[in-house]
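Structures are listed in the sections that come next.
Shared chain: chain A. Partners: chain B in the first complex, chain C in the second.
So, the complex of A and B:
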């Protein structure tokens, strides 16, 4: 039954294809060279599109999970075991069959490797049939699905020490040549199960941003990532696309009163930002549109939360901002008054003044910090912008407001940012934010029966009608902007619908590469 | 003194120097890398920080041996080195020798081309300037040399790109080959075309000192008794310099140039990143930013070897070209050579004893 369905659908695809236009070789300059090579087990493909390897699931343009190698995926009653059925027509680029053994091998090897794939939650992967795999977890964690989406499957028989430089998989492309630091050349994998690719060859150029711009100007590249400052000077024959993202920047507040110290002696807490009224008022008063215009040349969108527009975003948790009157009312009601008339509010003898730290190497974050501080003056709050090295920043981030940037296609990020168990752990939740109700929602989300039903818990953690980490609730952060990613794209190239892109400008645009079309003769 | 015995003593002396130089460099460098405020794991994880949890970070640190005390890490690295193993690069997930070998040819061709270009351009301009001393060609060449000496390399590179690649379209702005072609498909002509701008950029550092040095040396020769004698018989400056004066000027010029090979390597790091040249420089920058100690140590050893060989060749060349040096005891010869590299010293040398 399944097989005939597949057959029917592939026939339908064949019939729908418009007359094939002979496409030229494609040259892209979008960065994203993985220093460590193309081994998914060591972390290749974490930003999607592993190119050479196929994944069990993939995200469509709306970030919904759809099957790639997997034809069905179900989670057991106890939420511990994923059972996954595989398609039977998937072949590696040497023509050999991809089976459940390869999938189990990939997951188990990733669990044991000290690489960038964090598979510590996996207990064991087992092949229970030639095309059926079971993945058993140590504890329920619905965001394990991000591994089903991101982890490219490697061939068990060809995996070894030199795999990362000689990758082979069941993905849409095969490696032709990688000149490290310069360019990567790939050609379509003739055995790919997803159909035919019109481009005879695709080349990725690496190196400096200026290199990409020069290539586009001389007509040698068909798609390049451009910095916002150059974006509007489009060369002839190309157009500019500003892709919406969750590549966000926001201000993190310490939510505990001052007094504590960490194991390493760094101070914890800040008496001003520990007051919820201060954080809520900032969220109410902030003019995010002005920050987008100021710091991003207008190439971005206001950020209301860490996950704007993603399936697990809760628009009800957003506060529109740019409402100085409401912000002042909030401060007055909480007892923050400017008694001495110096333009700064006080409460119980404490001035509404706190340091705002940004990494001094990042000019964008500096611009945002200065704009943020300027806007806060109108509310009678003084944020003092301080540039610091990442090292110094790590010592100050538990007691100062900090400009941070996040953004991923994975809700486990909001778990890490807001769950009490991550307070003060590495770079997660540096403000020691803790709310038992939010923790309960986040835990319930991780324990969900399937990804779809986890969405409502992720949303409830932001705002459930009475509390949440969002601006209407505890306002643990003041999110400022989402940075648009700009690309120059050849007028002849149709790259189809685009996803909201994560942190990282460049490579994510290639998400739909296998279905791009050439529209010129 | 016999040729062979001189050569053997010469090498023995140099090896002795290498024996204390290398361990000192290694310990110093390893200490610097480890006290630098770069957390290798953090640098490796980078923006993926939300997706790689504390447990996995521990696993990465363990896999790299970062949890051991620093002296122990160093000794382990040293132990591997003694067995001829440079260790594994953290960042590139490959053995250091592999990483270096993959990028070495590109860097070497760039530095080699720049070396020759600088030598040819620098010495010929120097000779011409000496022949026309005080007249307009000399003034133009001196102005050119001074301009080069004070211009930052990266600025010149950008100027080259703007002029020759973007405005005129004569030369490619980047890379070691046209985009989209495999090495097998690229012709040698294309590769040479891509080499021109980067090599010109790297050679800049070497040209100015060579011009000035050759000019002073050749000028000294022309004022010497031998040249004055020939000129009295009707010989002219330029033919004199290209004939008998060439040997006089080229030897020390080569010495100066070889001894400055280290600067060319430094300049290549910059040019590689501007022209997206797939050499060692780019990899070194990334290794430094990422706290990749094994790779940095490997690159440092390779660079040290190269500079050392450059200096060695410089000495050898000086001895081969100047028989007077060969016939002296070694210590004295060395003092002589150092005297050579100063313009005043070289002027004294040309005092004219035939």
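So, the complex of A and C:
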């Protein structure tokens, strides 16, 4: 016993005096466990950082695209073909070389698989050399670059039915163990082209939020995602970081007058919200700071549009809000008067009253719906909260205002939310919003020669000086808040600069995991 | 000595907490009347107060979030700044309303089935099997099934609670009907040529009415608690409407942050309403039970 103690202590001394400061194994509790496993073709990695697989491009902290596997990427004159050169030192975690064949295989398989990585726009991916690949599109679409960022490359020779449980790729980590619903253990991939990772192993803890909080309190976890209500009670040795996001919540308005029905018989349109004056006035009157205080415990930012702070955001399209006088003036000018003195405005016999649906399982959206409705009273508009299941909500979303949330590192999301061709498609554009000028801007953006030049068109779609989908133009939505993602982080852990995070709490923070540093001795 | 014996005997019986000690020699009947008065006052009070509060008085306010109980907010305020006294009262009003409706529906179903069972042997068998079948299923699973099938919401809760509380009372009524119909005086009445309707009215009903009343009163607290339970699980009332179940499930998330008042007062309110009816129902049953002996 004594001898083993001595041995242990001398070993410990040896470790302590060794010149290289070894980082401890890292334990993270940030959620993000994929239901379908770790197959990029089935959607793994669409929230960023596929761990095991490398991608052609990646986004840096400023959301600029930089090369990962790709050393150069160019779009042809007709905007239909991407030519991508690959780095030649990329190896899978079994030591085999990653070549253009693997890239072509991955893209073609993803196109055929359908599912969550919607790549129907891809005509064909071809390997034109050992390290050069061509991706040919059916029609110009600049947001195809988001697939270059999100789709992890799988090894052609090792891809099969079991791949999602036994992933292997050229990314920074390799899988050690995955116990579903409990934990995922990964170790650095020794063949990774990006350098050495200081942590000998990283464990992701899944499951109950309370477990994660307790792990952090006991010092067993170095980084955990925390709900806003608990965020401020930080355990010793950790600090709290509130990361800015585009994980937004807003109210979607039906912009058509009532009368129509969908193929499945769901009603389309609402006579009150179809009036632009109502939507503009709500955007002018809304006190978004108060909503952040009410629903998010102060941990968030007011949302003025769907893409606040992203490179394709147009700040000129924003309306500051919290201006009840301006909102009232807008309503009066449009003929909405409270003639019978009951506190609710009318116009041509129609009361300014509409249902406001929220998913009843989501307490945050409930709080926002109630806060929104409360603020609208001051304007003489009644939004009647309706709690519904997601199924019921889907039947009401074309004729009622609905609290929705979006937020992605990909401008194709605003294309889907506001383009007329997406009216009533899945969860996109449920309000049947249509504006030919906005559609033209969005189409022009997709047809751009490169991503940078597309930014102008994305911005013009929000507000081009005369119209747009933003609050100054058609005000098709009233965006309310961006939810700050709160984390407790060990004081010894340096996670570097952070991106504005997309929808989905937790996992996006691991974006720079491979370059995190341990700063304690 | 006699007093002591009586006290001991009384202490073993369920007694209403607010009942003064010096009245411990209350007869069963007076006890029933007293607990009934308390229960009815509570329920009517809640219903009337809730009915006179306009529905839109309950407002969210970022400036008054999570305040502890004070003179201004006697029950404190919730996560969205709503006054908990107001919210609890409205919620109890809603619970009592749903409970009353469900108790009426369930009692009506029980009476119908109890009477149907007394018609003949086949009907009796069918009612018996149906009753046992429903009693055999876990009640809450049944509640969830009906609430889900009815599409949730207030309607789902009312249907679920109303349609699942009849079996116990139906079984009691069926047995009572069987006992009465097999008795000598019914045989004599039949022999004298009285119609089945006359027998039902003159002999059966007087025996069933006390059971029905006690059954109704006893179903009521169960119905309220089940309504709260369904809403607690998210299968009932939508969460922005006042409901004790919703309040309690919300408070569960906030207990860790020390907001004890979110659960305490609404829980106490629910307990008081349910308990007062439980005691009333039990006393009523004892007062009307011929085997119990009325002092």
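Operating definition for what follows: the second predicted complex is superposed on the first by the 498 of 521 C-alpha atoms of A that agree within 3 Å, B and C clash if a C-alpha of one lies under 4 Å from a C-alpha of the other, contacts with A are read in each partner's own complex, and residues count from 1 in each chain.
We take it that contacts are C-beta pairs under 8 Å (C-beta built on N, C-alpha and C of every residue); 3 or more make two chains touch, one makes a residue touch a chain.
Predicted model only: the values in this text are computed from it and were never measured.
Student: With both complexes overlaid on chain A, does A:230 touch chain B (first), chain C (second), both or neither?
Tutor: second
Student: Could you say whether A:369 touches chain B, chain C, both of them, or neither, answering first, second, both or neither?
Tutor: Once the two structures are laid over each other on A, A:369 reaches chain C alone.
Student: Tell me the contact category for A:290 with respect to chain B and chain C: first, second, both or neither.
Tutor: So A:290 only meets chain C here.
Student: Kindly classify A:389 by the partners it touches after superposition: chain B alone (first), chain C alone (second), both, or neither?
Tutor: Both chain B and chain C are touched by A:389.
Student: Is A:427 contacted by the first partner chain B, the second partner chain C, both or neither?
Tutor: Touch status of A:427: first partner only.
Student: Once chain A of both complexes is superposed, is A:35 in touch with chain B (first), chain C (second), both, or neither?
Tutor: First partner only, chain B.
Student: Given the touch rule stated above, what does A:120 touch, chain B (first), chain C (second), both, or neither?
Tutor: The answer is first: A:120 touches chain B but not chain C.
Student: Of the two partners chain B and chain C, which one touches more residues belonging to chain A?
Tutor: B
Student: Touching chain B and also chain C: which chain A residues?
Tutor: Residues 210, 389 of chain A touch both chain B and chain C.
Student: Which residues of chain C touch chain A once you look at their complex with the stated criterion?
Tutor: Residues in contact with chain A: 59-62, 65, 79-81, 151-152, 234, 238-241, 250, 253-254, 256-257.
Student: With touch defined as at the start, can you tell me which chain A residues reach chain B in the complex?
Tutor: 25, 27, 35-37, 39, 42-43, 46, 113-120, 146, 164-165, 176-177, 179-183, 185, 201, 203, 205-208, 210-211, 214-215, 217-218, 220-221, 389-391, 406, 408, 410, 412-413, 416-417, 425-428, 503-504
Student: What part of chain B is in contact with chain A in the complex they form?
Tutor: Within the complex, chain B touches chain A at residues 37, 42, 44-45, 47-57, 59-64, 91-94, 102-103, 161, 165-166, 169, 173-183, 272-279, 282-283, 286.
Student: Could you pull out which chain A residues touch chain C in their complex?
Tutor: Residues of chain A touching chain C: 210, 229-230, 290-291, 293-295, 358, 360-361, 363, 366-367, 369-371, 374, 385-389, 392.
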